[in-house]
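Residue numbering begins at 1 within each chain, and the chains themselves are lettered A, B, C, D and E in the order written.
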Amino acid sequence: MPLLSIEHLSVALSTARGSFKAVDDVSFSVDTGEILGIAGESGSGKTMTALTLLGLLPHGARTAGKAVFDGTDLLTMSPKKIRAVRGRQIAMVSQDPATSLHPILTVERQLTEHMRHHLGVSRSEARTRAVDLLATVRIPDPEQALTAYPGQFSGGMRQRIAIAVALACEPRLLLADEPTTALDVTVQAGILRLLQRLRTERGLAVVIITHDLGVMSALADRVCVMYGGRMAEVGPRSEILSAPRHPYTRGLLDALPHPEGGAAELRPIAGSPPSLGNVPTGCPFHPRCPHAEPGCSLDRPELVTVAPGHLLACPVDPLARPVLEKTR
Amino acid sequence: TSTSAPTAAGSGGAGSSSSSAAGTVTSSGTLVVDTAFQLKTADPGRMFEPTGLLIDHAMYSTLLTFAGDNVKKPVPDLASSYTASKDGKVYTFKLRTDAVFSDGTPVTSADVVFSLNRVANLKGNPSFLMAGITVTAPDAHTVVLTSATPNPAIPFIVPNSALGILNSKAVKAAGGSDDASAATSDKAETALNTKSQGAGPYTLDSYSTTTQVVMEANPKYWGTKPKYEKIIVRNVQANVQKLNVLKGQSQIAVDLSPAQADGLGSSVQTINGASPNVFFLFTNNSPAVSKVTSNPDFQDAVRYGVDYDSLVSLAGTGAVQANGIIPTMFLGSLAAGTGVKRDLAKAKAALAKSGLTNPTVTLSYPSDIQVNGLNFGDLAARVQANLKDVGITVKLAPASVQTALDSYRGGKEEMGLWEWGPDYPDPSDYLNFLPGQVVGKRANWLAGQSPALEALGKQAASTIDDATRVKQYTQIQTMMNQSGPIMPLIQPAQILVAANSVKNVKANALWLVDLSELG
Amino acid sequence: MAVPGARKRSRHRDLWLFILKRLGIGLLLVLGATLVSFILTQLVPGDPAAANLGQQAVEDPGAVAAFRHKYGLDKPLPVQFLTYIWNVLHGDLGLSQQSHRPVSTDLAEYVPATFELAIFAIVLSLLIGVSLGILAAVTRDRWPDQVLRVVSLGGVSMPTFWIALMAFYLLFFKWGILPGGGRLDPTQTPPDHITGMYTVDALLHGQWSLFGSAVYHLVLPGLVLATYTIGLLLRFTRASVLEILGNDYVRAARAKGLPERTVVLRHVLRPALVSIITVAGVAFGSLLSGAVLVENIFSWPGLGQYAYLSAINLDLPAIMGVSLVVAVVYIAMNLLVDVLYGVIDPRIRLS
Amino acid sequence: MSAPEPAFGADALITADALPAEPTAARRRSTSPWRQPLAIVGVVVVAAWVVIAIFAPLIAPSDPLAQDFVQLKGPSAQHWLGTDELGRDVLSRVVYGARVSLPLAVLLVFGAMLVGSVVGALAGFFGGWVDAVGMRLADIVFAFPGIILAMAVAAALGPQLRNAVLAVVVVSWPAYARLVRGLVLSARNSQYVISSRLLGASPLRALLVDIRPNVLGPVLVMAALDVGNAVLLLSGLSFLGLGAQPPLAEWGAMVAAGAQNFDKWWIGLFPGLAILTVVLAFNFIGDSLRDALDPRTAKALRD
Amino acid sequence: MTALVKVSGLCVDYGRGGARVRAVDGIDLTVSPGEILGLVGESGCGKSTLGRAMVGLEPAAEGSVTFAGSAVAPLGRRKRSASLRRLQMVFQDPYSSLNPRRRVGALIGDGVALGGGTKEAAAQRVTALLERVGLPADAAEKYPHEFSGGQRQRIAIARTLAADPECLVADEPISALDASAQAQVANLLGELVRETGLALVFISHDLSVVRQIADRVAVMYLGRIVEVGPTEQVWTAPVHPYTEALIAAIPRADGGGLLPVDLPGDVPDPASPPSGCRFHPRCPIAEDRCRTIDPGPVLINEREVACLVRAPADSLV
């Protein structure tokens, strides 16, 4: 059984203009020691998916489906129970290290408060552990760093501290929401290496969310591509990145500057991503899709297994279509 | 510095006693008097404000005094008797021999001379009382006051609390001085605000110009012992005074307006009399200031156009019409019913005669002060309405008292609504209203404009025989009521509200109430 | 570490420089405020001599001259102002024309009374306003928040003088559950002067019943005075807590599985306090304003009444003294707020 | 992944409602400030007072100055709100009071807004000594608690309604100056202004074309919030006797008259309620408007 | 080709007195018409500062910037001189670079009107410009918030185009955008250069993007330029160890699962830069002399590089 398995997860958010689905029928699973990447453009529901797992959705959000973690459904847990999971079992690192650490609490407090809460360790023990953690994430002079405030560190260091905070209670799953987007590539490389090391050394399961397919390629074992709140494609990294089947995945890769591809023209995907609640019917990608057929706008494509471990939601894909027809 | 703890029995000690039902503060020995403070100092030589007069009267004996509410006749205090010379210039006072100050020192003529000279030389607010008067002491128990001009008012002046007799030794020790340079060299005020140095029935216990003044009975007092061991005079706004006295948190409320005193019920006693303050209207007599108001016929139109009765009813129970400029309780006042009556026909005729058609005048008044709880603005509005009936348009020009005083004193107001409080309870104080005198000049009623009246005024100023004086002042006022730019309007009500437990409450025109007389 | 020790020390010096600079600006402001009030008092068309001398004395040139000489009014204006400043620097605020006492003595008596009231009110407002504000924020858009919104807007909309009147009428006159006015019962003797605040002095002397009475007398005026600031702080706390609740670091704190109480009190309230403190500082100023209106009704012998009387009586030295105190209080409040900022927010301390 | 079909259909927008409802889900407030209950209440109350003020002679049962009735009578069928110490009808006076307070409050807020905005805009845009002088002046005014300064100004100019209005303007403008300066300062360095400047816009044009529309909204909201304060300050001054003078029917002065007669509660209660309702109504409106602003400007408004 | 923009010895300071930061320290650079110059470097190295100084938004502490032969005067309280109108800038954040309260048509029309164009001319230009950046004509009637980030960035570009720029400084114009919007904007800029022959300074922290469109690239480190040269050469054969590290750190989206190489340490505080070569504390090939000697630019393989170790021995003076 996978450590986390999400089945038909949907999240509806309510805004001033009414409610809409930010996440629509998403299913995936993560094993211990596995790194799953979730990719997609801005607004495709990546962050919402992660927040659902921690019960931290914005006010007024509603969910449907299941998110089974270690045998229990996170979505139906009582607030008290889910609080015991947060930080202890599932931890999260978010995009902007400048804002995700509390600016006016010391590093020590932020590193140890949940340790003491969840693990009930003494102050001095928590402190010793904190020093170890900071050393693990390669902060120079951890002792002194404990007494400092986040503002005294550079962006890369802060993200390392944020990771240390997430790791403090030895969680089994780490949700990393765009952990490197705000960082320079040179610093990003270091963080990616750190995550890789944690996975191999501690058997940590990681869900890494990013729109940077390069990061995906460097780290993830499996990649899930989301579009307009839905899953477009999920499969092993190498398949998704070197032989993408979904026109959207392909479009994303084409739009990237290719380090090996020479100075060829970038090929953007036509149009722009759907906005809040305005997800087109049928295949959400069809208005931008170069291969769209009339039927794309009618039926909502199902996820179909096109290769072992590789699922695809595209009605025009030759491999997906027959299966789709069969299931009807 | 600490003051002694309350000796009052039954006040339940310190703490939250005030919440309990009415009357807890009324311990046998303590009297609480509420008044809206007008208090700058307790030093008699510098004091001339109502609250100062109230407290200093209790702490300082004077040569003569008034009993109860009668201010027409001075009675002995430190002076057992006095004689006046025929020309009204020399007054000889015989001091009683048993009087002592609060520290036990006997009162001698030296103390009197010191005290009175000090008042004169301090050049403070009350100095004018001693203007033109020299004080000498032929012996230890005789004092002679000599006035440069005939001054029949002297017996009415010396009861003023400002002329309270100080313990000269103690005051000198505290930096006091009575010589010509006292205005700058006297340093006794602070000491006198801490400890009283008088021969009165009470002594000062604690003093503040904003919270309260506490007085204790003078154990060495030479006269009849006062009833209350301790008197607390608190600074409380009139509106709150009412609630306090009703709830038994105080025994006397001094400043209630008639409206506030209305319907208090039988749980308290209300002493309701006319105040010695006179509201009056004046029309500027100078054509340079106003062609309209200087017209004598216009003045008549105003005189007969004002509805005095409606003003009285506006001022509430206890208020009376000011029949003449001298208030009812003073010597020489006009009898009730002899004042000017409203006569619209006469007023209209006068206006027609004046040759003015639809005149418009500006009426100035101080808008930010009240006298006996009465707003000038309300009176002015009523006057405005009255004169409208005559055909005179009155524009109201309210101003702060400071601003208004300036133009009033400068004689620049076209028409003014003002008030006169007595400096001492003698009709001679009202000679100020005659042409060329202080108030007359403010209406530009200048010397020479009314020779008969002026001559009569001169005479009255030097007459000492009371019966003659009454006649003269009656004549003066009658003449003023017939013509001239000054129209006395009303005397508002002066109201004392006291708990029924307090006996012998009488309103005094000078010091509001004599605290030591209360039974 | 990004911040080597040597640089840290120089930053401490910078902090001191900052405080010194603020003090300097503060002094200039005080001077400016004094000048403004001086000019204002000169604008008054009335004459202080006329305002303070009796109607007879004012006719006497000798008395007027003596008065002018005593209060230095016979000198040219600039000289008067400079003399005033010079004297102030020597601790002499002049003589009050109303009380015939040194203004400094008067102020020493009245300022503590108002401070006692204002501090009581601000503490009350902070306790009530901040906790209700947090409640409103965490129940955002639900009924407690809606109710509190009306409550806070009601608080800032109450005419202080009117609520004072109504409270006085009901609580004292009708129901008699609170005392009428003044700082103590008339028969009680105030505690020996240490701070001038009766509650504090009574405590310092261990006079418990006196302390009780002083507090008992504080309640009504204090509450009335606090209505506005409670509303203000409630609304403001709600807004700043909401703003902070929207921050990533709060979500991060929740993601750590901390109890909601810890999140709100430690992660939200602390940063929110930074802005709450500023508003409380400003609110303290508005309490002084309110005091003018409230002290009158509750016979509270404080700065407000003194200011009012000075203004009415054109008591120039007293007006100047009041302005001086008020300006100094304002500047001290600002300085205090800055220092508290530093205590709460290391970003300010360290940068 | 063989779970049953999701319980909802294809269209995300519509079917989201089919999700299980969250028990505490509150209806999100609508974005338009004019659709909120409090704002509606505020507008209705203000409108009612405006109507009362305009048609005061028709509404008031008698002349507000006529001292024609029995004095100090409690509310009765003849005098719904009783009579005052001079025998005037309290209802009529309250009704006429709207003719004083409302226009004056609006006028003085407008004045303060105008003065403050000009000073603030100049200070913010030109910086340097213009800024220093303007803001130090504002600081000095801020250093006085509002009513104390207003009291001093009113006392200095003489107790008159006109002077009280002036005094309130004097103490109110700095708030606008600070707000506008802050907004202008941040707008001045904003990229859209810089890009206009790069295109050759003069500073003045940038101020008027690019910055003004971004400042106007918050300033108007502040003004809406300020009308309430203005009414309070003005009536406070009148209460102290430094504003409206008797016999003018002004609410603050009427409360003062009520204060003189504590136990005749109706004299003070009703004018006070009038003040309260007007202030509350404006605050309801202002607060709702502020909520509708974007958070950053709303913060600038609060500080 | 003559240089259109010439930067020589430029230093830019922030702050005053003790808190002074020299964000740009002695930079020489030229941009020619029709050329795209890429400017890359880590966050805080002074790219924006340099860009802003080039258009006159930051005054030079030392050195100078000239545009078409005349000095670029810093933007002051006066109107910018008409000749400088042809030197424009595009900002990173498409949200704050357009006035939220004005319609797109008015915003773009400004660009024309401020150059002295009439209203009608402006209206016509607006439609043409919108079309040029790939937006429908009815966009003119809308407000900026009705557009996505990429569209807004295109509107911002259209606005600068209204001034017929000869040189455009684009400060991270695509960093805030999604991958496909990035490509759209990058392509648009490239086309514009090709069509109109304007000079473009393209600032980015992402070398792989710069490589796609820039002809020449300048690599900045802590206020200095460490390497300038033709893009392809710099990319394939970096000389400076910093350039090398920068390229090695870029993850490749090829599904290969290769972890990029990290460069330890952070960019030092520009307020107290390291002695000698500024890169030496993080440099994998640093030698002792790097600690003390501040290397100047040396011509290596057709490009200017500031590195002691990599410089041929004879080039050292």
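Operating definition for what follows: contacts are C-beta pairs under 8 Å (C-beta built on N, C-alpha and C of every residue); 3 or more make two chains touch, one makes a residue touch a chain.
All figures in this text were calculated on a predicted structure; none of them were measured in a lab.
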Both-way neighbours, i.e. chains that touch chain D and touch chain A: C, E
Higher-contact pair (C-beta pairs counted), A-C versus B-C: B-C
Gap in Å, rounded to a whole number, between the CA centres of chain D and chain C: 23
Computed distance of Cα centres, chain E from chain B, in Å: 88
Centre-to-centre distance between chain D and chain B (centres being mean Cα positions), rounded to whole Å: 47
Numbers and ranges of chain C residues touching at least 2 other chains: 2, 44-45, 140-141, 168, 173, 296-297, 312, 314
Set of chain A residues in contact with two or more other chains: 59, 154, 157
Chain E: positions in contact with at least two other chains: 266
Of all residues in chain A, those that touch chain E in their complex: 41-42, 154-157, 184-190, 192-193, 196, 211-219, 237-242, 251-253, 255-260, 263-269, 272-273, 275
Chain A residues touching chain C - in the complex, by the definition given at the top: 51, 54, 56, 59, 83-88, 91-92, 94-96, 99-106, 113-114, 117-118, 140-141, 144-145, 148-149, 151-154, 157, 162, 165, 169
Complex contact set, residues of chain C against chain B: 44-47, 50-60, 62-63, 65-67, 69-70, 97-101, 109-110, 168, 172-173, 176-183, 185-189, 192, 207, 209-210, 212-213, 216, 296-297, 299, 301, 305-306, 309, 312, 314
Residue ranges of chain D in contact with chain B within the complex: 65, 67, 71-72, 85-86, 155, 158-160, 241-242, 245-247, 259-263
Footprint of chain D on chain C - complex, ascending: 28-30, 32-33, 36-37, 40-41, 43-45, 140-142, 149-150, 153-154, 156-163, 165-166, 168-169, 173, 235-236, 239-240, 243, 275, 278-279, 285-290, 292-293, 296-297, 307-308, 311-312, 314, 319, 322-323, 326-327, 330-331
